[in-house]
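The same chain A turns up in both complexes below, where it pairs with chain B and then with chain C.
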Partner chain A sequence: MSSTAQTQEYVTLVSGDGFEFVVPRSTACVSGTIRRMLDPSSNFSEAITGRCVLETLSGVVLEKVCEYFCYNQKNKEQANVPDMDIPPELCLELLMAADYLDT
Partner chain B sequence: MTEDSLVDKSPTSPHYHSGPASHNGSKICTRRNRIRGPQSALTDFLASNNISAHQIHQDYQRRVREAEQREAAEQETAEQEYSQHEHDDDYQEAHAGESPEQKKKRKRKEATTLAKIKQSKEFARRKSQRLMDVAGDDSDEEHDDMLAKEMIDEKSRPIPGQLENCEKCGKRFTVTPYSKTGPNGGLLCVKCSKDVADDAKKTTPRKRGPRSGRRQVQSNLLDGIIQYGAMSLAEMCTKKVAENIDDVEEFGDLPSPLLHRLSQILSKRRVLTPRTLNLFLRPELHSIDIYDCAKLETDDFQKIFAYMPSLTQVNLRYAGQLKDRVLEYMTDRNSQIKDLQFDAVNLVTDACWRRVFQKYGSQLESVKLSNLDYSFDDETVEDMCKHCTGLRRLKLTQCWKTGDRSLKAIAGLKSLEHLSLNFVEETSKEELGDIILNVGSNLQTLSLDGFHHADDHVLGLIHSKCHSLVKFRLSDNAVCTDQAYAQLFTGWQNPPLEYVDLSSTRDVDNSNPDGPEELIGLASQGFVALMDHSGSKIQKLNIASCRHVSREAFEEIFSEGKKYPHLTELDVSFHMVMDDFLIGRIFRCCPAIKKLVAFACFNVRDVRVPAGVALIGSLRAQDPIVVEGRFQK
Partner chain C sequence: MAMRARKKIHAPRRGLMSNNVNTFDEMWDVLASSLREIHTKNASSLSFEELYRKAYRIVLMGKCGDLYEQVKQLEGEWLGQEIQKRITASITSSLLLAKEPVDVKDQSNERRAAGEKFLSVLREAWEDHQLCMGMITDVLMYMDRVVTTEHRKPSIYVATMAIFRDCVIRSNVRSDSDSVVGDVLKDTVLFMIQLERAGHVIERPLIRHCIYMLEGLYETITEEESSKLYLTMFEPAFIETSRSFYRTEGQRILEMADAATFCKIASNRIAEERERCLYTLSTLTESKIKDVLDEELISRHIAEVVNLEGTGVRSMIDNDRVDVLASVYELNSRVDKKKTPLTLAVQKRIVEMGQEINASATSAQSAKPVEKETNGDKKSEKEKEKEKPMNQQTMSAIKWVDDILALKSKFDRIWKESFKQDQGMEGAMMNSFSEFINSNPRSSEYLSLFFDENLKKGIKGKTESEVDSLLDNGITLLRYVKDKDLFETYYKKHLSRRLLMKRSVSMDAERQMISKMKVEVGNQFTQRLESMFRDMTVSDDLTSSYKDHIKKTGDPDQKKVDLEINVLTSTMWPMEIMSNNKDGEVQLPCIFPKEIESTKQSFEQFYLSKHSGRKLSWQASMGTADIRATFQRSNGKVQRHELNVSTYAMVILVLFNDVPAGESLTYEEIQARTRIPNHDLIRNLQSLAVAPKTRVLKKEPMSKDVKPTDKFFFNHDFQSPFMKVRIGVVSGGANKVENQDQRKETEQKMNEERGASIEAAVVRIMKQRKKLVHSQLMNEVLSQLSGRFSPNINMVKKRIESLIDREYLERVAEEPPTYGYIA
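What follows is the complex of A and B.
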């Protein structure tokens, strides 16, 4: 089972209100929490199905989180990274999400 | 001096001296007696050379007049050209009588004017500006023509100095170069111009460049922050929240570590006000850390203790307005406090401090007080040591009224594990020795800053008594010898230290710059012994200004094959022997190093700095950091 999970290149992140985001595995693993969820040796159902349901996050927040994942990947190992644009009204919710996701 | 004043005051101006001269008869005599107004040295000089300032003024006026006439004439022709072109119907009518040849001629003339304008610099500038403003939908040709015509149009406007009616309010006013154009192309008076400018200012959002410029990088570098890759999302959001703190109504159930970080950022930005303080007051939390209370008033402090009854840890810095009644309220209401940290609480009296210590007694585990200059004297310290028998951590920095008696009292605190002292009063070495003798065996942290009389005997006591130190500081001392340091670290039963600060231990005698025969302070021998003892575990090392460490010692310590796997921060400021080679060796021997401070190391010129390492204080701070290799996490 876990061997198939390992080969999956993309994983699906699902928000509490049902929005689904399909992102590359490496991108999703920017988050420590998701990385541990998807760890093939853990045998969590998420690792087996490649599908993480993040009940506590709304679609809007998860979208921004995914944007951050990509931003993080894009700016890996670079100096002078420009700040990502975060709408002020979202930043508190996003902060909670970041804390939960360990990013 | 302006042209006018030159003319008025000038004694050589004809209309001025003609009067009195004719009246008095004798020209020379009048000249001598006449009281002259202030006049410029230039006027004097010109007069002596027979040059009349009045003449100059008149010439100038004439030139101005001529220029005005010329401009008016040009403007008229331009206006004609413009109206011909713009209103084709009028154009047809006006030139109905002319022959086709004449028509052709004028058209050609017009075309050349347009072409000329198109070639001018001003035109190019405007064009580029316009292109930025609007996405060019029109074809380039059309657009260019339009712009050129616009410029002709502008030329036909009233020139500065003329009178004109304001387009908006209809007032008559003098046109200046600063007059703005109204919505219909007319000019506006001063007041309306100002309104328009204000509006424009409001609508264009203030440009905020990304905070990643060279200055920011250098600023971060000084803080030892070398950033590779993106900031963590949490950090980014925390900063954003701090930026928009005025719009935040409550933090919700933000976890405590994030609250702590927010408090730090807000304090650094000096925006921790009574309003923002409210965001941090949550009854279920056990700790409060406010790093800058300068803007809080007595009632705000009281509110902290009122809202948070289950506090066990209190950390309030710059709490200048915290008074007795707040601490008394705290002792009445907050019964579980174990950990007290206050900075600059100078309105609290000694009597109140004693009541606090009596009330909490043995439940207090940690007391950290700093910058107390008005109260907190020896007697209070004695009282504290009598009541707080369970104290494990004590830190007293820059308390002005504590001295030898305090040291004696502290020696009785058997349960101490962490002790940090930085006294203002001079103290004796005997009392310090007593402390180490009595409480040294349990100590994990021993930080003695500015104890000028601590001597070799104290180091000897540390060697024999302290066996569980992790952090050791003995800085700013000119008594202990290198020999004693070497003995301290040789055959010491204490496990390897993780944090060592022996900065500024050296002899300071301007008349003898090389120091005495017997080396004072941490020098070659002591340093080698220290690294032999603690090299395997040491994380942070500060040996700034230990100026008798030789180059040979550095070469030996950082020689091929030596490894200090955990050393992340090293301060070697004011070591004249430091050079590019030694810095390179340090990088080689300390794979984990993150921050190397090297102020005033003048031989460090051109070092290759590994990626992810902050070299602080090098001579060419403005140069981009030389990065070597790839950054690895």
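What follows is the complex of A and C.
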């Protein structure tokens, strides 16, 4: 099972309120926390199943987080990229999520 | 923007904190049991997110420090109890005997098995610890971030590594003993290495992993490179045991084996230790163990190995053991840039072998005088005997050169193949060569004879490149000869004979030789030799233009004598071969037959009309003549022969034209009519009347000696299978080793010449410097002249004195002695 986890190209991120986001493994690993969580050598249950339940994050926030993952992946090592649109009401929560996820 | 500003910013939900308010203790209990689960490898049942969230929350609660301490404590308990127990259980009593030397075979086997078990348990514990700590650190990542930045404490990973060090490596093996696990580890690894050195196969990867562990642990929490446990705990012991091992090993091999084996074992050991550092221990140790090997195995013994009786460098050289020499060189160059012992041994051997060659040459030499003395006063006998040893001597001279060349090529090969063309070695070898070559006082003469022989006969039928390499070889030896001026003298003498008597095989080779010498020794050296060649070509032109001149003037009488002339510049040619008046008495010129005389005068006229103010002196002793002789047989037949004789012999034979058949001339008559110097006359008469194959004259009484009262007849019964007969002059033309008298003479001339060059050098230097201290002047003179010869200090002093006497120099000051130049 762990061997399938290693080869999995996509991982599932689950918000505290039950929303599921399927993102490429490489984008999810932008977050240090998720990267460690999925580290195949550590053998935690997340690493085996490829499914991370992030209880502290709401679906709205996690959606924005996933958007950022993709945005980060896309614009990696490029100059003059457009800013990401962040709704002001999410600002603080996103900040906390960033701290939690080590991104 | 304005729209957005109006929107209310929600305070973040306090989901992280307030959801279900847990106390630190509650959360820690969950965490602690989870961490234990991780240690027992049950991580798959745990959710990373849950643990992470708990730790995160504890940190947010501000209990970061507490968490850190709790984790440390937990780890300490785990390592100190569980792991340590496991490890000490694996330490059997046989491992604890480590300190005592293990001699018995089965005991060592037992120990080895126990050691391997212990090492693998330790390795497993270490790897588990590493893995678990990796996971725990991941879980506690958030705590780590706070701890390292805000509390300035080492990360939990580092902290637990230190705990591992203290609770496992440094824990006592038994409660009643002082030794700790680390010591057992060290002793076990050293024991394994000892086994491997003794030729056993050991589990390298196992040891390598334990060494990794030591490399991963540090003495201090800051983890400096130098505080690795490997460096502090293991390496010194390893170096120490290696040192004592190789100390005894070196002595053991030296006592048991020969030099070649020693080198082989040493090289193997070096490779082995290198490999050990790569695959068993750490690369950090490589240079250190190399130093130990260099010092204990090589430095300590190399001199002894080199000089080992019967198998050392000497016998390697003698037996051309190029490979072994190469390894000796390799070993020696590891410890000593200059390779002193090897160089000394090689030098010594070169000189020894060179002296052998010298000795064999001189023994052939000394054989001669003894023979000479026993031969008493019968001159003709002596003359004949002399012919043989002379040739032998020449042979021995040439053999000497050949031997040296063979020796040289032998050492060149060794140098190339064994010594990696080492510069220092080359210099040392050159010095040794020149040492023994110069220790033979006749080296210059021999070398010149070698060239003479080769240019006369040796290069016949050889290809150009062969000739080239032959000459090159000779030139290499010339490089070693210090007294180059002496060589020049001999070479000039031999060259002049070759040129005048047309004995040289190839003029091209001669020119090649000169140009090679020019490259090697310099322009000045070959100047005179070159002008000798110039004289030869000028003379050829002169001869042909004289012939044209005769044709034009159309004097019919002149047709009888065909003249070929060599006009030589007297200063450039060695004069002693031309004038034989040793006693200093005035030698009247030889009386030529009138046909010759008229030719001579006509040429003189011709020459002086071209170059006025020059003086021609005729050197009959150097010339040859072709004459056609008719022999009237008693049966009436007429036999013609063409005789190639020396000029003097021609003069003598022409005398017999006027002598009626059956009548004779006495020695004194011949002398009176020709005025040929006594010495030459005797020799020429000998070759004409005594030598069995060329007896054109008959002598009465028939003896080998020529006495003033002897009578000479023309021998009409002269027989020869050839139309052309060459009549050589006894001991005349060929270039041979000089006898004692000639040698003395050459030396004397040499000294005069050297004196002149010393004076010239002194004057040259003083003219430039005006004032100079004695020692400085000496140095400059020596350095200026060293290219040509090594001047004798006393001679230089004498010359300076003489220059002062002649008022070229003056003494300016006494202390230190200083000279001034008088313009």
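One rule holds for everything that comes next: the second predicted complex is superposed on the first by the 102 of 103 C-alpha atoms of A that agree within 3 Å, B and C clash if a C-alpha of one lies under 4 Å from a C-alpha of the other, contacts with A are read in each partner's own complex, and residues count from 1 in each chain.
Assume a contact is a pair of C-beta atoms (placed from the backbone, for glycine too) under 8 Å apart; a residue touches a chain by one contact, two chains touch by 3 or more.
Only a predicted model underlies this, so the values are computations on that prediction, with no experimental measurement involved.
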item	value
Which superposed partner A:L13 touches (first chain B, second chain C, both, neither)	neither
Touched partner set for A:C91, first chain B, second chain C, both or neither	both
Which superposed partner A:D83 touches (first chain B, second chain C, both, neither)	first
Partner chain in contact with A:S45 - chain B first, chain C second, else both or neither	second
Contacts of A:M37 with chain B and chain C, given as first, second, both or neither	second
First, second, both or neither for A:Y68, with chain B first and chain C second	first
Touched partner set for A:L54, first chain B, second chain C, both or neither	second
Overlap of the chain B and chain C footprints on chain A, listed as residue numbers	88, 91-92, 96
Footprint of chain B on chain A - complex, ascending	65, 68, 71-72, 75-84, 86, 88, 91-92, 94-99, 101, 103
Interfacial residue positions of chain B with respect to chain A in the complex	210-212, 217, 227-234, 236-238, 240-241, 243-244, 247-248, 251-252, 254-255, 258, 627, 630-631
Contacting residues of chain C [partner chain A, same complex]	4-5, 7-13, 15-16, 43-50, 52-53, 56, 131, 134-135, 138-139, 141-142, 145
In the complex, chain A residues that touch chain C	16, 32-33, 36-37, 39, 41-48, 52-56, 58, 87-89, 91-93, 96, 100, 102
